[in-house]
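Labels A, B, C and D are assigned to the chains in the order they are written; within every chain, residues are numbered from 1.
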């Protein structure tokens, strides 16, 4: 019995590069138009190699999908591959030995060299071993603007956040909502983060998020941030959608002037057939501070006690980082590739802006996900949700934010 | 081996702290019709359930036909049981109801058919065999319930107030039928009821129960004529016995304005000591009209209330400061406010000790 | 008589208590396992882990009452509790009231009773998710009730509970009652049908009005029915989750959060299992505090006699 | 004297067809019916409209142009991720989950209720009390212990595991119903059967089961509703191939591609709710009768 298993394992390893048709179940929560198109690219590439992609999409953002993913992993009946935001989320699963070690793939394909920025691979690395395949780079610090809306209102399209605020009354007069905002804590938190980068600057933000410096959070720079967020709240008063892509849709249709959202919003513009620079504009770092964080999605491969599956998992990991898939996937999703060595000439204006910032090497922030624990993030999201939906004063909000930071781990 | 059909030895049953049966002993003869009589809560149904094996006893033993069945399953005890609510299986036909127990006992088919046919014949329910209980009248249902006990071909029949759910006329009819059935089958029957008429008419012997104990076990005549204690005396007889509190002094009963010699009284023990006693007089033993003179004692009482009942008339009055009821002929002309002469035959009276309430 | 004691056919000793009614005990094994392993075991597991610093995966690193201290100093938890209290009290009273009133109306020997009953009952067939979506849609200020009334000419009409954090919990209440009151009506109706007709005759002869008869005579007689209804409603209230998620997802802001949602969010989204377990332990404690006396009265104190 | 008798009221009391009491009674009932029917009406009407009409009008206006496009889309075309086959896939999965769960949970609960009513043993009431308290525990908090439990007995990710979970969580309320129902069956019947030599199972199958139809209907309705509408367990204990309909519904409703297609959402919602709804409409009378027997006699 043991011998056979070993033999089979050996055969599987030998055969690994040309595995027989493998069936892998992939769990993810990419269900919006742009996201689904991007997943389709992955599935197509996977099936082109003669494999089968069993799509385990679970709609309703990570909140719905995560309990399912984690339950199945700890229940010993995991999917073959799953999306998770990389960063601290998966550490415990790795420690418990539930995730497949991808180091051999990473080494064989020289991920250490090609993945840029290196922080992405670091986020996948735990005690020197690689456990996830980074798929894309998402940055949250974008202001998306509708040309249409500003033309209707008869004002110029703003070039930074300050101009955006100044132009708001004109939009309101034209019956246009200045700022589209989905009424969900995580979206409001993104807006908060964006404004923080733009107004308080990178150093202050890092002091708070990475070093948990409550004094900075209580300082005047953050006071300015909270006041700006309060202003944004006023601008979004009449936006009563829930989902982020419905908010994006308001910008696409010209019902709203702009939206503070990550670069995944671009996928929606693309699906709607809009062209960057013509129909919509984008301002990374809100036009004030040319920085982007480098969060992003990664795929993890739960341990499945079957050599063939393991080989297929490694094959998929390899595929995800391959140049072809990187280009196809990221063009569809509107995110940036994890390797600098691919040809993205097909990318639109906005993506090019992002690539430029990335290539410059400075202005790269750790993603909020990576710096704060999920637990603290939820607390900030709760605070934001309450702040945006009530008349809480900026000072009160700041005070509570300081509390969260000082007790964060 | 004794000829006892059912014997109960030192039976105790308690639910938590409540003792329902207390050190109860009872011997029931082969072929006897024994009635357990008592008011509700006296433990008579509980006792029957213990005999049937439907309740687990706390202590003591039960023998049926000389076999210790204390822990045997109900179906292994050789008993058949008839319930107050008939307890017919509603989804089975009459035939199904009759044969259910036999099928459970895995009897051969022809034997089952034979027994069902015989029971149906005895009870005259042959035309009903294919019907369901829902389509039967109360009396028919009770016959089927009896039939279900009958087919089991057992030595002991247990009846748990089987006639209580029937109307008065049907009850009387079925009572007679039960009596006939017993004469015909000669099985041991244990019959629980709170109806003294049923008890008196059916029983070979009656066990009067109270508080989980047997007060008196005796023939109906003795229970009626010589109740062993005041409780039995008051329980049996309708209207209930009159009680007059007084003193026993030298063979003479003395109460307020009332004295009677007990010279003719049949003492249970040899002449008791003097002291406070209760005199019990059955309303129907009071002599009236032209029989007044044959009593040991004659007096006059004031009629408070007169209840004409057709065959006889019940008069409510007062004697020696105690309520006093007596029965007169139905044709007697008497109305409230009349003074009525009555005679008392002390040989038919009962005398109880006040403290122990036992018959003297 | 003494020969019976040595009767050879008599069982030698009392049967072992454990083997009495053995079939019944064997048949109850699934129930016993469920009660002990799943409910008691699972609960104990949860309670134990609420004293740990478990994050994404359950770990036995004990931190004392830290999770509880944090729980009770969290604003979201306090709002959740407050919401549940408001929802609970209102839902309990209104569901009982509406359920009973409907049942009483249907019990008045009306025509089309079946039709009405089906109308009142059908929402119960729908999941909370469906209920939440439907009512979210109806209460939508731009397409729903508010806009319709405004179209009728009442321009200032404002009914927008789902976007007003002061009254959002009542918006959820409307949907909750809609979904749950039918079942309660059904139970009440069954209870009313079980009341002796003579009671009504007696009340009529005594000249007691209909409403007064219900309040003074019928309702006290229906105690067991009310208890069953109460248990059903109460168990639903504590579990309130899907409806909130579907209808408001806790918004606007965190003004319609409820404890069950707090538990789930902390367990899965915040990946702070310890905190989630602490919150669910608190829920459990409150359930037990309310339930134990009731369960004792209902099941423990009753003896066969 | 005679005159008075002749002129006073005589004969049958006159009855008014539309007494103010009746008008009020039916008025109230109809008004309340509107509240109850409104969501269903809105769902149906919306599902029959096209998207442009939805954006323009209000939710209550009847469709100007009836189209079943939304129903078709919901059933067979709506997309989740890269799968675009709507709810159809989930329907049979749901049936496959429902049938064994229904049979097992009702069998177990009815035997429990029967044992608790006529075969009480030491501790049986304690277990029952624990069960009832269990009915108050939000399922989600039990997720992890259950996952661990299923892993230990090797049923994680298996249809058997899901059936087991439905049986366990359906047990408290169903056991309560069956217990109450069987308690209301006269004890004498049970005694008679014991005298007739029937044992635990004999009495259950031959006497109790044939009498328990009404309560089985109630149990069935409650379980069909509960199991069919379940999302949480369905999504965790199944795989994409076997996702039940509710998971597909969630995916359709929450996968917003461009704009929210309310008509498709409503059609999908109605399609998903159809099975329990049909069962309710079909067995309403039996349900009330069963409830009367199972829930009222506490």
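Side notes on the structure shown:
The rule we apply is simple: contacts are C-beta pairs under 8 Å (C-beta built on N, C-alpha and C of every residue); 3 or more make two chains touch, one makes a residue touch a chain.
In this text the structure is predicted, and so the values were computed from the model without any measurement.
Comparing the CA-atom centres of all chains against that of chain D, the greatest distance is found for B. Each chain gets a centre from its C-alpha atoms; the one nearest the centre of all protein C-alpha atoms is C.
More C-beta pairs in contact connect the chains of A-D than those of the other pair, out of A-D and B-D.
With each centre defined as the average position of its C-alpha atoms, the distance from chain A to chain D rounds to 40 Å. Put simply, the C-alpha centre of chain B and that of chain D have 54 angstrom between them.
For this pair, chain C with chain D, the centres built from the Cα atoms lie 15 Å apart. Inter-chain spacing, taken between the CA centroids of chain A and chain B, is 90 Å.
Counting partners per residue, chain C has 20, 264, 267, 304 as the residues that reach two or more other chains.
Among the residues of chain D, those touching two or more other chains are numbered 143-144, 148, 250, 253. Chain contact summary for the complex, chain B toward chain D: residues 49, 52-54, 73-76, 79-81, 83-91, 100-101, 104-105, 145, 148, 152, 160. For chain D in complex with chain B, the residues that touch the partner chain are 186, 188-189, 191-198, 202, 206-207, 210-211. Across the complex, chain C meets chain A through its residues 55-57, 74-76, 141-142, 163, 165, 249-255, 264-272, 275.
Contact residues on chain D toward chain A in their complex (touch as defined above): 79-83, 143-144, 147-148, 150-151, 156-158, 235-236, 239-241, 247, 250-260. Put simply, chain C touches chain D in their complex at residues 17, 20-21, 23-25, 27-28, 30-32, 34-43, 45-46, 58, 102, 105-106, 108, 110, 114, 116-131, 133-135, 137-138, 140, 143-144, 147-148, 151, 178, 182, 186-187, 189-191, 193-194, 223-225, 227-228, 231-232, 234-235, 238-239, 241-242, 260, 263-264, 267, 273, 276-277, 280, 283-284, 287-288, 291-292, 295-296, 298-300, 304.
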